[in-house]
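Before we start, here is the structure in question, set down as structure tokens.
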């Protein structure tokens, strides 16, 4: 499939579907507390949405959705969010990854502080998984005639 | 050389059969991993998670609580594994920028 | 005897998958087929952990009634720990397969083959050439 | 600040992890900054692991709970004499090798510094995480981080490196899966993932098949990781075809961590009774190690290329460590741990000299060595000679003392065959090292230009030479200090029942 896919139906449908996949992926990430789901599953779905648009409408067009070189950087930011939450808890006086101490800077009880800590961590993981999935796809594809 | 490979495969199979005979039944409730306290008297981790996860983190999904809070360090290590894979693929495959 | 069979058939399926994976890794000459065997091996270990987690009459480990720790009946929920561990093992499997495919691509770019025997010959031919 | 230092056990891993992330982002903007950043980070981590060792000597073993959850519930970091000592050794060797790596990485893998230093930092993060963890599954996660980085560091090399890296990847992943299967069986029987907890539960279910097969699989997995004799297929190609900086980084540290994990699991989790009596694992380790020593030494003699010779000698030397683990008495255990340190420095120094040769002479073929090398590169040859003599085991150098402890362990345990193996293999070591020394010092140079002995001194760049000489010097200092180390640090390591 060269550049813009010659099949208008495919590119049209993929352009319509990938936003909804992303919204559902965000739901899976943020709803991980109450139903099966969480950072990894949501991040993979986000990555899948971006790769769907890469496949259907070619890398040039899809660069608007997510740049070529940004994947690894986003992975680094995701892991840094995870590490930062744990380190922040350590700076506030607890052990590493002890979210109870986040309650010192948030107006919530200890248990809810852990709830929020888990939430930040899940977002970090989701970001990391999405970034690296897309980065792997782009790297494996370097040098090939654009898919 | 082929013989050694076949021997390895058969030995591996035999070991696994030998183990599966001794493992507890698949879903019985009084197996060692489902009891309240382990044979050495220490609390059993899995049952502790089921009981205390809502009290500790107000999160009904027990797997998420274990994943991010009780054993959160594992998950950070695992996110690092993903980042390592991304970094290595970038290093191996990406064309060198022209200095 | 029936109790023994119903209790252990899960392990034997995992055993068959493990053997197929190991067979693929040892006997197959093509590099990609070795990777397929490796992935089967990893996934079957995940299956093994999940067969350990089952409980008779247990449901998904999401708490229904959020009453105190004493009121929760652990027998009602399946064992959540192996499931958490296997999330990690799945991701490790994906990362290893990703790196493996990156390496296979660099091999293919340099030697234009994926068959191990042809690869060894070309490596030897390289060896006689001036030192790399 | 003092509060941060109470968290000192976890700081090395965290700093390495965060600096790998930060380093990737920083070097994205200015690639020239990646090497100084990496060196400063590893220097800070080495200082902290030194502080950790002092803290352990002062306060005894430290148990650090992640997220403040007690062991069977949460993950526990155990900083005792063994882990603090091995961490300091690994970080020091990594610091010296990375200091040397600047020129070599720029020459052999141009344009890839960004990923290279990030992966090296992640490898160190993985290995530090393995050494200090007290949780079985957490060890698997950091084992994968360390191994993935190793595959990447090897695969970035020249023509044949990806093939060696692929073979190592398949065997390494197989080893990781065996280890995971082993702890799966253990978890099914004991219901706990914490090492100390499992050690407390196991005696109540000693002879049951699942525990024994779990031990077998864990031993098989770690045997591949540490390249024990029949499972070493991946090592010669991996060390030879990897870029010089990577093989100098992997050879001293890679297999030692596998040996450390085997030692930690066999003595502190399964305990002496299982490995000595119910299942003769100790005997199997001893015999495989002895076979490995002889096999590695003989094949090292037959090698034409210096790095391949060093790779086979690595298989022999890891056999010494396994022999020390297998003989299961205090002397042999001290000898094994001391040999982990000595071999890390010796192999590091040898691979750095091989990198210097490759950098300056363009090759490291033993058959093409002649005495022009002594004139061209006197200091590198001096470092090579010191580390070669230490490998053989001559008194002032460190190698002698670890072999001494191993020999006394063999005498103490009445393993006469292994005593013969240790002494005979020292002879074999002498053969394949003197072969190189003799060529470098006595063989008259063929071509005329060097005949009159006036060839100019073409020594390696100072930034490559200084770490090599520091390592050679350390070998002598550590040799003299080895009794202090043995009594001061290693005497406190008391596995239950030994």
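Note that the chains take the letters A, B, C and D in the order they are written out, and that residue 1 is the start of every chain.
Quick note on the criterion: a contact is a pair of C-beta atoms (placed from the backbone, for glycine too) under 8 Å apart; a residue touches a chain by one contact, two chains touch by 3 or more.
Remember, predicted model here, so these are calculated numbers, not experimental data.
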The chain pair with the larger count of contacting C-beta pairs, comparing A-C against C-D, is C-D
Subunit A to subunit B, mean C-alpha position gap in Å, rounds to 23
Taking each chain's centre as the mean of its CA atoms, subunit B sits from subunit D at a distance in Å of 26
Touching two or more other chains in subunit C are residues 18, 52, 62, 81, 85, 87-88, 91-92, 95-96, 98-99, 102-103, 105-106
Residue ranges of subunit B touching at least 2 other chains are 16, 19, 21, 23-24, 33-34, 45-46, 49, 55, 60-61, 63, 67, 69, 71-78, 80-85, 87-90, 92-93
Subunit A touches at least 2 other chains through residues 34-36, 72, 76, 79, 83, 96-97, 99, 129, 136, 139-140
Contact graph of the chains (line, ring, star, complete, other): complete
Subunit B partner, complex, touching residues on subunit A are 32-39, 71-72, 75-76, 78-79, 82-83, 86, 96-97, 99, 111-112, 114-115, 117-118, 121-122, 124-125, 128-129, 131-132, 135-136, 139-140, 142-143
As the complex stands, subunit B meets subunit C at residues 5, 8-9, 12-13, 16-17, 19-21, 23-29, 33-34, 36, 45-47, 49-55, 60-63, 66-67, 71, 74-75, 77-78, 81-82, 84-85, 88-89, 92-93
Contacts from subunit C onto subunit B in the complex sit at residues 3-4, 6-12, 15, 18-19, 22-23, 26-27, 51-52, 54-56, 58, 61-64, 66, 68-70, 72, 74-75, 77, 79-81, 83-85, 87-88, 91-92, 94-96, 98-99, 102-103, 105-106
Contacts from subunit B onto subunit D in the complex sit at residues 15-16, 18-19, 21-24, 32-35, 38-40, 42-46, 48-49, 69-74, 76-78, 80-81, 83-85, 87-88, 90-92, 96-97, 99
Subunit A residues touching subunit D in their complex are 72-73, 76, 79-80, 83, 87, 90-91, 93-100
